[in-house]
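Below you'll find the structure, written out as structure tokens, and then a few comments.
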Amino acid sequence: MCGVFGVWGHPEAANIAYLGLHALQHRGQESAGIAAADGGRITSHRAMGLVQAAFSEKDLAGLPGTAAIGHVRYSTAGGSHLRNAQPFAVDTAAGSIAIGHNGNLTNHEKLRAELEQQGSIYQTGSDTETILHLFARSRGESVEARIIEALTRVEGAYSLVLLTPRELFAVRDPRGFRPLCIGKMRGQGEDRWLVASEPTSFDLLGATFVRDVEPGELVRIDDTGLHSSMLPMRSPRKTCLFEYVYFARPDSVLDEASVYEVRKALGRTLAQEHPLPASFLAQGSAAGVVIPVPDSGVPAAIGFAEASGLPFEMGLIRSHYVGRTFIEPQESIRHFGVRLKLHPNRAVLEGKHVIVVDDSIVRGTTSRKIVKMIREAGAKSVHVRISSPPVEWPCYYGINTPTRGELIAASHSEEEISRYLEADGLGYLSRQGLVDGVAHATRGKLAKAPDTRFCDACFSGDYPVPFEGESSLPDSSRRNLRVVAG
Amino acid sequence: MCGVFGVWGHPEAANIAYLGLHALQHRGQESAGIAAADGGRITSHRAMGLVQAAFSEKDLAGLPGTAAIGHVRYSTAGGSHLRNAQPFAVDTAAGSIAIGHNGNLTNHEKLRAELEQQGSIYQTGSDTETILHLFARSRGESVEARIIEALTRVEGAYSLVLLTPRELFAVRDPRGFRPLCIGKMRGQGEDRWLVASEPTSFDLLGATFVRDVEPGELVRIDDTGLHSSMLPMRSPRKTCLFEYVYFARPDSVLDEASVYEVRKALGRTLAQEHPLPASFLAQGSAAGVVIPVPDSGVPAAIGFAEASGLPFEMGLIRSHYVGRTFIEPQESIRHFGVRLKLHPNRAVLEGKHVIVVDDSIVRGTTSRKIVKMIREAGAKSVHVRISSPPVEWPCYYGINTPTRGELIAASHSEEEISRYLEADGLGYLSRQGLVDGVAHATRGKLAKAPDTRFCDACFSGDYPVPFEGESSLPDSSRRNLRVVAG
Amino acid sequence: MCGVFGVWGHPEAANIAYLGLHALQHRGQESAGIAAADGGRITSHRAMGLVQAAFSEKDLAGLPGTAAIGHVRYSTAGGSHLRNAQPFAVDTAAGSIAIGHNGNLTNHEKLRAELEQQGSIYQTGSDTETILHLFARSRGESVEARIIEALTRVEGAYSLVLLTPRELFAVRDPRGFRPLCIGKMRGQGEDRWLVASEPTSFDLLGATFVRDVEPGELVRIDDTGLHSSMLPMRSPRKTCLFEYVYFARPDSVLDEASVYEVRKALGRTLAQEHPLPASFLAQGSAAGVVIPVPDSGVPAAIGFAEASGLPFEMGLIRSHYVGRTFIEPQESIRHFGVRLKLHPNRAVLEGKHVIVVDDSIVRGTTSRKIVKMIREAGAKSVHVRISSPPVEWPCYYGINTPTRGELIAASHSEEEISRYLEADGLGYLSRQGLVDGVAHATRGKLAKAPDTRFCDACFSGDYPVPFEGESSLPDSSRRNLRVVAG
Amino acid sequence: MCGVFGVWGHPEAANIAYLGLHALQHRGQESAGIAAADGGRITSHRAMGLVQAAFSEKDLAGLPGTAAIGHVRYSTAGGSHLRNAQPFAVDTAAGSIAIGHNGNLTNHEKLRAELEQQGSIYQTGSDTETILHLFARSRGESVEARIIEALTRVEGAYSLVLLTPRELFAVRDPRGFRPLCIGKMRGQGEDRWLVASEPTSFDLLGATFVRDVEPGELVRIDDTGLHSSMLPMRSPRKTCLFEYVYFARPDSVLDEASVYEVRKALGRTLAQEHPLPASFLAQGSAAGVVIPVPDSGVPAAIGFAEASGLPFEMGLIRSHYVGRTFIEPQESIRHFGVRLKLHPNRAVLEGKHVIVVDDSIVRGTTSRKIVKMIREAGAKSVHVRISSPPVEWPCYYGINTPTRGELIAASHSEEEISRYLEADGLGYLSRQGLVDGVAHATRGKLAKAPDTRFCDACFSGDYPVPFEGESSLPDSSRRNLRVVAG
């Protein structure tokens, strides 16, 4: 997954982008980059690691101008290389341009082969480079026309920010898979615009939320203000449900639904769909406790506790100090994994029937360790509740799910998964429950069951856009070339 | 503040210490160090920064042996130098010895002058070095006798770990200001012992909690097992209340009281001591919401919500990505401070009467920003509740409180502080409420009001041990010498 | 300036390239890079700095395969960015390819504009990228045919190494501006080939010098051995004289002339062309001393001493510890510059008439400081002798000379330069003397005065290839784009 | 080996020390440190590595004051730790003091045991710390009296700089093993003094050489000027011959003898003592060539060439780019060693009888590789000439020679060594020749054969001061303690 950010009309644009990326850090921790434009030229800086580590004061000072775009990238399982860090910045016959992309193109493989046949050279393994090659080959008379021509060729998921020396663009694909929104900062006289994957930086920057970028909308910002147009392609809206379940920050509002409220609603529905076992209830509510897997499971657990009448407690304590690499003793029988991050709170767990609420199960290995940890801390029984349906299919639209073979729910029943987790019970949310939860959090703006409005491919296998070629998978490394650094 | 750790009898002692320090990271983020003994010699490594950054695999491999001690140190406001990082390791006539110290000596200044007069040279600004000089000058016949002789000279707070090529010592000062406990690991045949400031690593390491080190107890561990003796000095027990309020990790049990349960009890009592305003209640419980300042305020807020009947919600979202240094735009009117770490969750706050629960107020500046942030997110009113009494006095026993002049409660009434915070109301917990909360969490092991059992100097000004000389303050930099690095 | 290296058929190709680049380090200290091929794919690593700093053992381990190319790049005055470090590695319709280039294309600007019009996107500011775009657009049926087609379009100086998953190519432009040679290592059964800008690594690697790559020759090495063909373009040979004067390492033999012997011969001729002043000679040879500006002036000074009968001494001692950045006191009146690198040896200089021999004068500022330093050390008189003609014109073929305006000899007579240097005399070598010196060092293989055989543009202004556009200058930064890092 | 530096009365004292250390870098490359005094307190910074790498501008800015001392330390074979880097800075009853030491104390082991018995604690493995402990225990009424009292207890070699908040001291032991000299900078009104191991920085800093510090002299510099006194202990002068042979920089003048002139004289005498073989001479002088092992062998080779009538040539080219760590291919049969640093110049060597002149042979392994390299480059015969006598004994006075067992001349005759080197001949300089060479270079200030004036223990085994205990050896690591970093 990735996050994109843009700012226009601010005298310290690169610094604003830096802060904006910080507030999108949860969307990608592998690399960070900023490109800035000063009306004449584009400068950029990209580096591996978190935003704070990737930029020094000197780095930011080397990015002059009043407009900037930024990008954070998620750490995928396989190799991660600086050459794939964004924004990409290139020179073309239409001038210099930089791009940041959240999403994944499904026909990238085919386009790449075609473009290479025509003499394009690829320097990255990224689908995003294809957009730049299409742009460079376009005969459009304006930069905007070239962007539109390029986008008519690509399929899949893209929330984009693009920067030229004199314009900032923000585009969301016609289905609107990934979020993108617009904010406005208080300036002196002139307008200062922000675009961002999520509105998480707006409070920090003293900006106000203006509106979401619509699916299929192209926003152009220049010295004459903000201009909107729609891409010529049309498709039904298919916004991603997993953003609400797990990916977005809880204080975000995406397409008018509060992520926190969605998650609480999912927790409430989950409690209704999976009533507590009779044996459990017989002992009175004091015998049980609802605990989240922090931090992502917290809102759903609060909703679950509310609906079930059981107390909400922090039965797992999350460490703030877990970085990437951890050295383990050689003789250690088990690998520490989640134990370095989550610590059982015996005072809450001992002697209790424990309902542990998490947002999803992917491979199942972490959940299994959590169940074990809770049981070892003295729980009488451990019941797992998941505030989303089983994840059975990989995502081709930008979320780094593993291959189907690694998804435990792709090949195991709930019964089998519960046994694998060594839990006393397991309950998943229904697909309808999930859709209703999102609708609920729009506070009446959505009808009750608009389930065609969302992409639920990871749960249902109903892919709104077919993917072409194995290499459209986000993890796959294409062809032969791999640049280790640089 | 600091944290200490020790391990005995483990083939990978340095790695175990590394993991142990990781689980004590909340007690000190400035520097980390480990000293290891292989029966013959002591090797050590110290570095600035978090445990994970301070040690590479090669660093750990360079620390052979089956016994080790470790130390993490808190970042004080002023300079922080590698030379002050612990453990200190030196050569003396009684052999090599390494020491790690949590606490603060109150008569250090006087002892240092006296020792220097006798020809001792100081290489650090730390009070801990004084213990080593006293040890080196002792005529005691055994290492243990020398340690005891040295400790009879010092006053104040010390939870110590000491390592020689053949012994591990753990000592807690007679008043027991700082915590210290013993754990046991499953080994093959022989005993594997752990000592730690808090038992937070025991689950991770597959160890079991054995008991607290008693105030005034000296524990010696060697090849013949664990031996206990009491220091000759006697004083009434004075364990620190602030460990429960803020410092310790919530999953810890200190001197038989669960920190999490203490905090929840404080929240409940706080709700009883400060009933909600009538205007507020008139609107029904749906009009109000209890939110914590995460993470430290979470348990008290849960307790408060329970006792008040108001819903508990996460109204402030904590970022996991805030490091030490953050670059701010030059024109930024306000400094970001807490805004980089805490984000208002508008979905929870908008249109609500908000009770925000925090553990303590020190200078008041952060609380003021939090109140403002909540109000800007649309709260109807903001009521601050603090799960401890006003902090009016600096700590001389190891906690890095600022000088009295900086403590807002030292010179302002609750009324005035509430006005400064721009809150609609402010309520502190009573001192009796605090002591009862700790007693409660021992689950009946303590009588109701043993308030003489604790040090509450930061709230009451009743200092169990006088401090001698201004330089006993943890922050003060002594004399002329300052080693910038090394 | 740059250096290129290639190795074929060695099980540790990347390590061999690393050693090969080390022995070419004098040709470029700004960045270093290696690309390796394992029959299937190409991996590469590039970094700023010296070879030893640019590669860790892990970096080399990440470059598997039995073939590799490498590149070192010179630090130009202006910015230097990782994106310009070579080898470049890209994917094209003809497969993956990596390239390393020593030289400079004179029609690069025009080609770039044309390629961008056709939709090519540029990611670097380098002329070398143009060769890859031409390659990618070629319709040639083999990789070799594509390379040849691309090269028929470019003009100027290029000694290239190119690597595909299954072939290594070495090419020298038809004029042979820059050197390139072939070596052979002892292998087990199969042939192990080396190509390098200079044969400096061959002794180190236990390899033997085979021959120079001929101007206009394309060498292809694959599993069937080494194959040679000639590019279709023909031009008279124009090898660079400045390589002999300054750039190449003295133990190199370039196009059959020993650099060391060339330089000694230049020194001898210089002594003959500029007899010592009568006043000087009157005092006997003991009154004078010949000293080099080390290290580049050493062989010429030895030759000069030999021919003049004056003693050769090390009157300037060179420091081995001068790196890039040096911190100077703020109040220092003069900048240290060369004084940090060269130290006057008073024992040699005091009371003597000093002949100081250097290879060339570019701006004159360093020579002026050297003269001053020698005089302050007590010399009676200081006579400067330069073992090349005045440098009056910038090089467009790969050497980083400054612009014409900065070349002191472009606008000043020898008389004026001598006055600027505050020397008691100045003598430059004649152009014929230079050409004869090179001819001499071929040990009879060249006739006496084949002066059309060499490029002497920097001395004469006779440019063998016109340069098109200001941007063909090596230093110029093109268009708008600048990638600060990455 | 080490180098020390001091500056007094300069507004940018730390920067001056930084430049001074740079010019002493050849005396120690392992670590560098500076301590500065601003009249009130002492600050210091020490780091591993070369001077340029060890100090950033910020580091220097953190060292305020008008007085400073500095130290560079040699990389010994064994471990090298920051804790052993100097200057050491400590607090004592007499105030803060910092020390930098070149030399080695021979009775350190005994003193350390005694001081530890009295309660001193050692934080380093260095003998220098002992001086500080003695200083701290002294009852002297002034800082100077305490220094003198401390020095009366120690034996061996010491050239010291010491800094207090208000005084700078420079001391040379009574025998004067290691050099130390005084310089003076141009200031504005007040005097600006320098002290340094060698006068190598004086030209760079625009300072003038004043005089050597005399053996047994203690120089005190404060606001009242420079004051000299003699230590109460008396011993005959025993200055180190090896400084002239190898260690000092050739442009230095030590105790009135120019190092360059000494070395040239040694070369001349060497030629006389070892006439060329008849077979060799029969072919005329054109058949032979004298080459140095650069850089240390250059002056002697010039002298040798002069006396023998053979031409001087650079037959070995030295690389400027060899750092500490070099990665070698795994399959490499031989380790590269000296081959990475020295390259044979075939044009000079091929077909010639080669006389290779080096300053000394320690283990013989490097010389053996050099002989082989010369022969492989086509030499007809290789004759080794060494401009010092055989090194048969380890140095206990500050030079890092290996143990006796590793010194090839300790157990092998010249005949045997020649065979081991696979040379066609080997000639060492006589001891008398060495002493005469030094005398010669004083330009008449010394009588012809004052051989009792020098320490030649490494050649003769006549140790002027006995060493007590194996641990007086510079390499030995003492006792148990080893601090890996910090």
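A, B, C and D are the chain letters, set down in written order, and residue numbers restart from 1 in every chain.
Quick note on the criterion: a residue touches a chain if its C-beta (ideal position, glycine included) is under 8 Å from a C-beta of that chain, and two chains touch if they have at least 3 such contacts.
All values derive from a computational prediction rather than experimental measurement.
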{"item": "Required minimum of steps from chain A to chain D, each step between chains that touch", "value": "2"}
{"item": "Mean-CA-position distance for chain D and chain C (Å)", "value": "36"}
{"item": "Length of the line joining the C-alpha centres of chain B and chain C, rounded to whole Å", "value": "61"}
{"item": "Euclidean distance of C-alpha centroids - chain A vs chain C, Å", "value": "50"}
{"item": "Shared-contact residues (touching 2 or more other chains) in chain C", "value": "none"}
{"item": "Chains grouped in pairs wherever the two touch, ordered by label", "value": "A-B, A-C, B-D, C-D"}
{"item": "Residue ranges of chain C in contact with chain A within the complex", "value": "33, 40-47, 59, 62-63, 82-83, 85, 88-93, 95-96, 113, 116-123, 132-133, 135-138, 165, 478-486"}
{"item": "In the complex, chain A residues that touch chain B", "value": "11-12, 15-16, 18-19, 22-23, 25-26, 29, 50-53, 55-57, 60, 200, 203-204, 249-251, 253, 258-261, 295, 298-299, 302, 306, 311-314, 317-323, 325-331, 336, 339-340, 343-348, 373, 376-377, 441"}
